[in-house]
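Two complexes follow with subunit A in common, the first pairing it with subunit B and the second with subunit C.
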Partner chain A sequence: MSRRLVAPLAFAALLLAGWEASVRAWLPGSPFVPTPTAILGWFWEALLDGSLLEATLVTLRRLSLGFLVGAGLGLLLGGLCARSRTVRDAIGWLALGLQTLPSVCWVPLAILWFGQREGAILFVTVMGTVWSVMLAVQESVLSVPPLYVRAAQTMGSRGWHLWSRILIPASLPGIVGGMKQGWAFAWRSLMAAEIFVVILSGYGLGTMLHDGRELLRMEQVVGVMAVVILVGLLADLALFGPVERWLRRTRGLGGG
Partner chain B sequence: MRHLLLALLAALPAFASEPVTLRVGFFPNLTHAPALAARQLEREGKDWLAGHVPAGTKVEWFAYNAGPSAVEALFAGSIDASFIGPSPVLSAHVRTQGKGIRLLLPIAYGGNALVARPGFAPKGPADFKGRRVGTPQLGNTQDVDARAWLASGGLKVSLRGGDVHVLPMANPELVQLFAKGELDAVWTVEPWVSRLTSEFGGTVVHRKDDALITVLAASSKSLELSVRKEAVVGLARALLALRDRLEADPAEKLRLVRAGLAAELKSAPVAESLLRPALASILPAKPTSDAAARRARLAAQLDQSLRDARAAGILRSVHPVEPLLEDLVDDPAR
Partner chain C sequence: MTPHAETGPVQLALRGVTKRFRGASGPVTALDSVDLDVGHGEFICLVGPSGCGKSTLLNLVAGLDEADEGSILLDGEPVRTPGRDRMVMFQQDALFPWLNVLENVLFGLRLKPNLRDAERVEVARHYLDIVGLADKELARPHELSGGMRQRVALARALAPNPRVLLMDEPFSALDALTRDLLYGDIQRIFTQRKKTILLVTHNIREAVCLGDRVVLLSPNPGKIRQVFDIRLPRPRRINHPDLAELAGEVTSALASHLGGHEAAI
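Presenting the complex of A and B:
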C-alpha cells in the first residue's frame, strides 16, 4: 500500500512544483493563473475565518437533502416502472426525455416557482437526480433473470416478500450503480445552480466560486474547485466504497 | 529570394498602417450615456469619430451588465477599452500590480442612489441591520459604495453575510426582487433608480452625487502598439468632443440617449419625463486647463475608493494609484 502511494504523490509534487515554477518564470503576478502557494494561502485564510467550512456545510446540506429526495423518488418510480408495464409505458419516455435535459435548464422556472431560496436549489438538484436513479433502478430490476422470479413465485413468494428476498438483492449492484450516478448528477446540478442563481439564503461553495470570478481571485476559483473535487472523492470513498466492497464480498467477488 | 524579402519588407508598413478596429465595452445604462449616444449616432449613419482617430478606424461595441465582466473581457483581450466604474478598474489595477489597466478619462459623476422599498424608511445605515440590500455586481462601484456606507453606520458587512446582507445581482433581477419585497433596498444607477422610484414606489435614501461613477479605461496591452494607442487616445478625444456637443444641445442629447437606450434594451423608449431628471442627475466631467489639479483630484478620489474596497474585503491589498493615471488624456477648456 505505502509503495503504491509513492508514485501518485511524487507525480503530484512534481506537477505542483512545475506549475509554481512556470507561473513564477513566465506569468508573474498574472491575474489568470494562480500559483499553488497562492491557492494554499487562500485555503489557509478561508479556513481560519471559517468561510470555507461554512460554505462547504451549506452545500453539503443542500446536496444530501436533494440527493435523498431525488433518490427516494427515483427508487419508488423505478420500482413501479419495473413491475408495471402500464406505468412504464406512461412515464418511461418522460423520464428518458427529462434525463437528457441538463438540470440547470430548470433554473429559470425554479426561481419563478420557488423564489431565490432553498426551494429552487432543492428542486434543481432533485430534477438532476431523480430520472437517472429511476431509469437505473428500472433497468436493473428488469434485468433480474426471470427464472429467479418464476422459481420464487412457484414457491409462493409474492409482493413485499418477492421484492425483499429476490428482486432487491438480485438488482442491488445495478441500483447502487444508479445511486452513484444519481449522486454525481446531484452534485453537478447543485454546483450549476449555486453558480448561476443568486440565493438569498445561505452561501455555498458554488457562490464562493462565482465570487472568486467576480473579484478576479483565481486562487479562490481554483481553491473551491479543489474542494469540490475533494468532497466528490470523499463521498465516493466514504459512502459508496464500503457498499460496493460489501456487495462484491457477498457475491464472492473478493476484495477487488 | 532577395526580391521576395524586399517585397515583404516593403509591404510591412502597409500592414502596420492597416485600419485599426477598436473593441469597446459599455453598459446599457445612463451612466454610460456618451456610449449610448455614440452608438445611436452610428445607427443614424453619422461619423462621430472623424477627425479624432486615424482614417479607417472602426469601433465595435460590446455590452456588459457591470464592471467585473468588462474587466474580465479587457484582460482576456476581447476588448481594448471600456466604459466602466472606478471600483472594478481599481481592483484590476491592484490585481495586476499596476500593470494591467490604464484610466484614460473620467466620464461622469453622480447618477446612482440607494432606494428603499415601500414600507421601509431607514434614517441611516444603522437601520439596515438584518436587511437585504441589492447591488448590480460584486465588486462594482455601487457594491463597494454600499458596503462602505453600511459599514460607516457601525454594521458588520462581509462578503457572505454579517449584520446586513449585500446581494449582488443583475439589474433586471434587482428590479424583480425589489418589486416582490425580497430586497429591502437597492443601490444602483440610472435609469434603474428612476424605475424603482416611479414604478415600484421606492424612495431614495442616499445619493452620492459627487462620486466618480464612470471612466474610460483601456487595457495596457491595447496601449503597447503605437498604432493602436493612437486609435484608443483618438477615441477618448472624440468622446470629449461629443460631450461638448451634447452639453451644448441638451435636446439632442436626450433624443440620442433615449433612442440609444431603447435600441440597447430592445424595448420601447423610456418616457422623456422619466429620462430627463435621471439624465440630469448624472454630471459629465468638466473640462479644465489645470491638468495637474485634475490629476490630483482624480488620484485622491480613486485612493478613497481603493481604501473603501479594502475595508469592504473586496480587495486584499492596495497599490499606488499613480500608474493608473499614466495615460490620462488631457481635457483642456476650449
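Presenting the complex of A and C:
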C-alpha cells in the first residue's frame, strides 16, 4: 500500500515545483496565475482568521440538508415508481427529462421564487439531486432477480414484508450507488447555487470563490477550488467508502 | 394415474389441469388436461424434454402461476397462492445474499406463527444439521460451494415442514460428484421423514434413481405419456446396473413418444 503512494506523491511534487518555477520565470507577479506558495499563503491566512472553516461549515450544512431532502424525495418517488407501473408511466418521462437539465438552469427560477435566500439554494440543490436518485432507486428495485421474489413468496412473504425483507435489501447495492451519484450531483448543484445566488444568511465556499474573482485574488479562487475538491473527496471516502466495503465483504460483490 | 400401491392416500390431486401461454406464433398449450394423483410420502419425478410443461406443472402446484382450466387439490383443498405447505427448491439456490446461512433457513420459519424465536432457531439448526452444514450457520452464501448452497436451500425448504416438497431441477447446475452426494442426502431425508416430493428433471437416470414413480411428459401439447413404477430397493446408487437398465427403458419410451409426435405432424 505504501509503495503505491510513491508515484502519486512524486508526481504531485513535480507538478507543484514545475508550476512554481515556471510562474516565477515567465509570469512573475501576474494577477492571473498564482504560484502554489501564494495559494498556500492564502490558505494559511484563511485558516487562521477562521473564514475558511466557517465557509466550509456553512456549505456542508447546506449540502447535508439539500442531500437529505433530495435523496429522501428520490427514495420515495423511486419506490413508488418501482411499485406501480401507472406512476412510472406518469412521471418517468418527467424525471428523465429533468435529470438531463443542468442544475444551474434552475437558478433564475429559484431566485424569482424564493428571493436571494437559503430557500433558493436549497431548491437548486434538491432539484439537482432528486431525479437521479429516483431513477437509480427505481432501476435497482426493478432489476431485483424475480427468483428472490418467487422464493420469498413460497415462504409466505408478501406486501410490506416482501418489500422490507427482499426488495429493499436486494436492491441495496444499486440504491447506495444512486445515493453516491446523488451526493455528487448535490455537491455540483450547491456550488452552482452558491456562486450565482448571493445571499447574506451565510458565507459559503461558492461565495468565497465568487468573491475571489471580484477582488481579483486568484490565489483565493484556486485555493477555494482545491478545498472544494478536497471536501468532495473526503465526503465520498468517509460516507460511501465504508458502506461499499461492507456490501463487498458481506455479499462477495466485485472480486469476493 | 393413481398412486403407488404402497403409499398412503392421495395428498396432491391434479384434475384436467390445462395451461396456455401466448407464444411468438400464437397460443402454446404448455399443459393439456393433465391428471395426476400423488400419494402421501410418495416421490414423483417428472421427466421430459424442454417445453413439455414439467416446470409449468411445478409452478402451478407451487401457486406461483394459475391454471387456465382444471383444479389442483392439496389434501382436498384447492391451491391458489404460494404457501409454506408447498416449499420449492429452484434450479439456482435462490439463497438471499444479504443473509447468512442460518438467517436464510430461518426466513420461512420467521413467517410461521405460534412459534417462539428460540424454537425457530432450534428447528433451523436441526435442518442444517440434517444437510451436514451445522458448522456453516454464520457463513454467507457467497462463501459456500454450489453443492453447499443447494444443501442450504434444501434445509430452507424443509424447515417450515411443508406437506409437499417441490424441486425444479435442483441438481442440474452442479458437478457430477456433488450431484451424486446430494442424491444420497435426498434419499436419506425422504426415507427418514416420509416427505411427499415432486421433482422435475430432464435427467432420466436421476429420475429413476430418486422416484417411486417416473412420470414421462412430452411437448406440443404438454401431456403425460407414460408412468413408470420404479421398484428398486433404497438407497439406490446412480451407477447400479439395474437402474441403468430401467433408465434405458424410459429413454426409449421417450424417444418413441417424441418420434410418434413428430410423425403425427
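Rule of thumb we're sticking to: the second predicted complex is superposed on the first by the 252 of 256 C-alpha atoms of A that agree within 3 Å, B and C clash if a C-alpha of one lies under 4 Å from a C-alpha of the other, contacts with A are read in each partner's own complex, and residues count from 1 in each chain.
The working rule: contacts are C-beta pairs under 8 Å (C-beta built on N, C-alpha and C of every residue); 3 or more make two chains touch, one makes a residue touch a chain.
Because the structure is predicted, anything quoted here is derived from the model rather than measured.
In the superposition on chain A, A:A238 makes contact with neither subunit B nor subunit C.
Looking at the shared chain after the overlay, A:A170 reaches subunit C, while subunit B stays out of its contact range. In the superposed model, A:A151 lies in contact with subunit C only, and not with subunit B. Contact with subunit B, but none with subunit C, is seen for A:E54 once the two complexes are overlaid on the shared chain.
Touch criterion met: A:Y203 reaches subunit B, while subunit C stays clear of it.
On subunit A, the patch touched by subunit B and the patch touched by subunit C do not overlap at any residue. Of all residues in subunit C, those touching subunit A in their complex are 62-64, 82-84, 86-88, 90, 92, 94, 96-98, 107-108, 111-112, 140, 142-143, 156, 160.
Subunit A meets subunit B in the complex at residues 29-32, 51, 54-55, 115-116, 198, 200, 203, 207-208, 211, 213-217.
Partner subunit A is touched in their complex by these residues of subunit B: 68, 71-72, 75, 91-92, 95-97, 99-100, 132, 137-139, 159-161, 165, 167-169, 173, 177, 180, 182, 314. Considering their complex, residues 147-148, 150-157, 161, 165-166, 169-170, 172, 250-252, 256 of subunit A touch subunit C.
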